[in-house]
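Structure first, then comments.
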Amino acid sequence: MNTLGRIFRVSVFGESHGRGVGVVLDGVRPGLPLTVNDFSEDIRRRASGAFGTTQRREEDIPEILSGVYKGYTTGAPLTILFVNRDTDSDDYAQFKDTPRPGHADFTASVKWLDFNDPAGSGHFSGRLTLPIVAAGVVAKKMLMASVSAELTEVGGVPRSEAGQEALPDGSIREAATDAEIWNDVLQEAVNQGDSLGGIVECTVNNLPAGLGEPFFDSVESLISHAIFAIPGVRGIEFGDGFKAARMKGSQHNDPFVEVREGVALPLKNGAGGINGGLSNGCPIKFRVAFKPTSSIAKAQQTFNFTEGKMTSLRIGGRHDVCFALRTPVIVEAMTAIVLADLTAML
Amino acid sequence: MNTLGRIFRVSVFGESHGRGVGVVLDGVRPGLPLTVNDFSEDIRRRASGAFGTTQRREEDIPEILSGVYKGYTTGAPLTILFVNRDTDSDDYAQFKDTPRPGHADFTASVKWLDFNDPAGSGHFSGRLTLPIVAAGVVAKKMLMASVSAELTEVGGVPRSEAGQEALPDGSIREAATDAEIWNDVLQEAVNQGDSLGGIVECTVNNLPAGLGEPFFDSVESLISHAIFAIPGVRGIEFGDGFKAARMKGSQHNDPFVEVREGVALPLKNGAGGINGGLSNGCPIKFRVAFKPTSSIAKAQQTFNFTEGKMTSLRIGGRHDVCFALRTPVIVEAMTAIVLADLTAML
Amino acid sequence: MNTLGRIFRVSVFGESHGRGVGVVLDGVRPGLPLTVNDFSEDIRRRASGAFGTTQRREEDIPEILSGVYKGYTTGAPLTILFVNRDTDSDDYAQFKDTPRPGHADFTASVKWLDFNDPAGSGHFSGRLTLPIVAAGVVAKKMLMASVSAELTEVGGVPRSEAGQEALPDGSIREAATDAEIWNDVLQEAVNQGDSLGGIVECTVNNLPAGLGEPFFDSVESLISHAIFAIPGVRGIEFGDGFKAARMKGSQHNDPFVEVREGVALPLKNGAGGINGGLSNGCPIKFRVAFKPTSSIAKAQQTFNFTEGKMTSLRIGGRHDVCFALRTPVIVEAMTAIVLADLTAML
Amino acid sequence: MNTLGRIFRVSVFGESHGRGVGVVLDGVRPGLPLTVNDFSEDIRRRASGAFGTTQRREEDIPEILSGVYKGYTTGAPLTILFVNRDTDSDDYAQFKDTPRPGHADFTASVKWLDFNDPAGSGHFSGRLTLPIVAAGVVAKKMLMASVSAELTEVGGVPRSEAGQEALPDGSIREAATDAEIWNDVLQEAVNQGDSLGGIVECTVNNLPAGLGEPFFDSVESLISHAIFAIPGVRGIEFGDGFKAARMKGSQHNDPFVEVREGVALPLKNGAGGINGGLSNGCPIKFRVAFKPTSSIAKAQQTFNFTEGKMTSLRIGGRHDVCFALRTPVIVEAMTAIVLADLTAML
């Protein structure tokens, strides 16, 4: 359904090329200072504009329709609307007949009996992540913890190559920036009319121990639930992740060690900050795999279900070469939303 | 919380060494034939008894407390209880002071203010997966689709080595069985007092297209939510999974091709049977990474929080060397539970 | 919380004098024809304009922000916004210090730590029933059943006095209209600066038997839950209602009688169409008591919590003399919302 | 559904003549002292045994299956089972063909396709209120507030006649007890093979202000939802209730008055302790109307749906003459359950 959460509840609505996209937040703590400017930075991060993303020509400006009075949240539902302005006139209706590989065109038509709005992928558009980012801004304000996500890999090229570089004299300098590192692989994809995926890593610091609601609402359950709502996610792993399946217990378990007189912490964080589904006080750590963007300029095979024949499809118009570039702030938002709800249950 | 689902709802209760463990199922379709014998096979699969699992000395016999009348489900809540019989007398209370690395001892004590039942890990025991398996039996009866999971890797040793073997004359014969293949790595772990993890792959066939409830209840969201409630899960990936992050769109997208006059299907299944969060008619495919079992005989460092000093811990008693061996039927159960609920919403 | 329902889900937001009030509907059946004109009649009924209600000077025009494409519902969330235009500048902030008797001024300030929006009662305004009425219009389209509510009493004056009148020659004529009957009691209240309550009776016809979800979601439970969300409701009774407490079983029970060869129906409807919490195929019948409107011009005692002293309060501005006059369409809407959700669960 | 609540969640299961009836409580606060003896008094009150109630020949003994460790609640789900022992062998199956007027026989057969368990009314039996009473015992322990309900009327005879009596010398003495007052009307119903209803009044003291969750979860909404799940409820009213519909605003509004220096309270409690759906610090007050018990010995008309003909039905066996006599403790339990959940959300 279009609502997530038990106490802090996020409901999204809207279509890519309709009147707008938005979100209603229920259970917002009263008294949080909030203005439209608070959303700017995260909206900018999502818009990206990095080489490899479509720059939608409109600026995304949130309108607060309810729930804020004289600059503070009231406790009543907080509604944020982003009016769509840049909705081009491409004929998306063709995608009902001729579904784009990797898109929801086919499945949405089955589910909603062909009444779904196809324009710009309608309610299945990546644009729905914009109100999610807005919800994340509010969620972050409700948390003592800090949530931070970043890309660690694009098109198979890891960020670690960027990071830092040791010079001959032993000093360290910042090596190529991500933009520099990933420029080549992105350019190659653009030239080929193809697209790329990526991997995002998220870290949550300063989260208290004991969050999570057994049996079904483990911290991993709730985070993965929210993360898999982001279009294009193919996998998630916590702590040592899939590698843990190949470790021995003696390697994977995190021993408790005394860090100062009478205070003990896990020595390492193979569990990603979670034991038995409950936060353990270590940073929450997880990685998310994003598939390559579905829309590509390169010709693909598909089927015209109306005419009953094969056809070759090239998807025109502007589209991201790598949607993953936009996703760290979306992953942050989803994580903050989940944790704000869990915290409210304590 | 201890309930999962909207229409078909599963609530678990119980502790490992208390009176028993059980489950209440709400929203069961009336008229399903059901007897205690229907549970035997899946309970047996979970008990495993394979080399590398603890054979609990009791037999797990379900008692149906409600919801069945003259051999058929009634529509009223279906309650299944497994009375605990084999509850040894180890002093688990020590683990409140001296939490076992990788277990919920520490986090449960924080969450529940030291009132949690520590015996056999209490409500956080893997034994809670027994009523889940029972719920899965009922869920499978509600589904037209078939759900099937199997181990593909134990302790880093893939099953593919088992599978089949080409003989010199070009013929194919069944190679070593899993038990044979994994015997060595399991024996080695036993000898070392250590434990192993594994990877489970799950496939759902004959699921109709259009299941899933946008925006937050994508099929992946609901399945991953349920799967991460199983103790010891570290990761999940659908279709091409993490590999998708390194593919091009033209490689990962599943083109539609005509399979016979006027009928088209995706040519391959990189999406794992899901587009835009909705089932697309292909088999659902996902892989789950299980960490090595937390309890090991080998000495581990931990901290005695009461006395405020480091200590070395060897965990005695019977415990699985590889809990993952038991998990395919649990993964099946969780998946069937989720799909029965989604199907009820159609 | 601000959401009602499990499958067909209604979320309201907004404040009386903020940007607007609105509603997000999730789980709307795709393919319902819907235009803004469909809302006109029910909005008009709620606006009332009858003698005894405040005529807000703005016209309430719904904007459909999402969920409709080319005149049909899509299946995606349907969002309807009513922009506020007629928001006068009275100093409602005083009511935080000096709460109006019978209003939420005091309780909202306690709950939301004085951050609540006081203007026009903010989120606690009767204006929130406007999006409810809009949701009801959609819910009615989803139902085969017909829902109809009407006032049967205002200020203690029953409608039965209106109804019909027998003439000396034995013929029947329509007696005074409601407006005529209730004009006197309304005029008297206006003259006194006072307010009136009323009673609404609701009937649902053509509802199938078997609706309702034991144990907790009896039809009465769900309807009363929704009805008590309407501001000013003090009581609800089904079928024979409170009178049933004074009847014998032999009087109150509804015997089944044969109405034609092999077909039986309850002879009467003391149960209000519900047995064991489930609809029985008879019309659902219930009555709702509305208290007199809280805002009155007449002086009332209250306390200035900031200055710590008693004060006399006369509430100025426009306000209904009898909010109950507006409520039949609101009762209908709430009932239709509940039944659309219950029907979706069948 | 068979679960109520968001944080403190109550799930009931069982049938009247099956293995037993029970309840799973989720979200119980850890650390509450709890033994089976804690349930005795409320179970006794429900069993009643008063003249006019069936004394079931078994004693109702709760078994705590989970959630309690060494005498304290743990935080894990608390499961309580009442095994059925006194299940007579009457042929209830006939009521599928020949539904008893006022019972769920007909509606349950429609809903559950004739698979429902008819024995002793199965899941629709008043016996399901036994686990509710047990849940109420736990809920009361979680509350600072006190919840107390009592019968004020039986068969139309008000308790006020009982109450107190002024003697000629001006002193006051307890007049006839309820048992004395109601003995005549109960005896008369017994003699006639008929049944009686009654009215229960409930008061909640020491509840903090600010409870309730706008818009849909007003205190009245949640309480009425729970109360209408009790079999036989026909109406509920808060504060002045239906009488409020006939009062003027100046009469019904509760003015705030200074009770001591700087402290103000509502002068009276026409609102029943609730303004704008939120508790206001005054006692919560409401009245519940119970219909006369459906089962009567007196002959009633009904229809044999299998044979397609009218028949006369006398319901044999033991049954309450006035189920309402048992209900005060059930009303208390439901109210405490709702308030424990609301309090957990603060």
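A few notes on this one:
Order of writing sets the labels: A, B, C and D. Residues in every chain begin at 1.
FYI, contacts are C-beta pairs under 8 Å (C-beta built on N, C-alpha and C of every residue); 3 or more make two chains touch, one makes a residue touch a chain.
Only a predicted model underlies this, so the values are computations on that prediction, with no experimental measurement involved.
For the pair subunit A and subunit B, chains touching both partners: C, D. With every chain reduced to the mean of its CA atoms, the largest distance from subunit B is reached by C. Of the two chain pairs shown, B-C and A-C, the one joined by more C-beta contacts is A-C.
In terms of their C-alpha centroids, the spacing between subunit A and subunit C amounts to 40 Å. Taking each chain's centre as the average of its CA atoms, subunit B and subunit C sit 48 Å apart. The geometric centre of subunit C is 26 Å away from that of subunit D, both derived from CA atoms. Residues of subunit D in contact with two or more other chains: 1-3, 6, 12, 76, 111, 123, 214.
Residues of subunit B touching subunit D in their complex: 1-3, 9, 11-15, 18-22, 24, 26-27, 30-31, 63-67, 69, 72-79, 81, 111-113, 115-117, 119, 122-123. Taken in their complex, subunit A has these residues touching subunit B: 1-4, 6, 12, 99, 101-104, 106-108, 110-111, 121, 123-124, 128, 153, 155-156, 189, 192, 194-199, 209-210, 212-218, 220-222, 224-226, 228-229, 231, 233-242, 244-258, 261-262, 264, 266-267, 270-272, 274-281, 289-296, 298, 300-303, 305, 308-310, 324. Residue ranges on subunit D touching subunit A, taken from their complex, read 6-7, 76, 214, 345.
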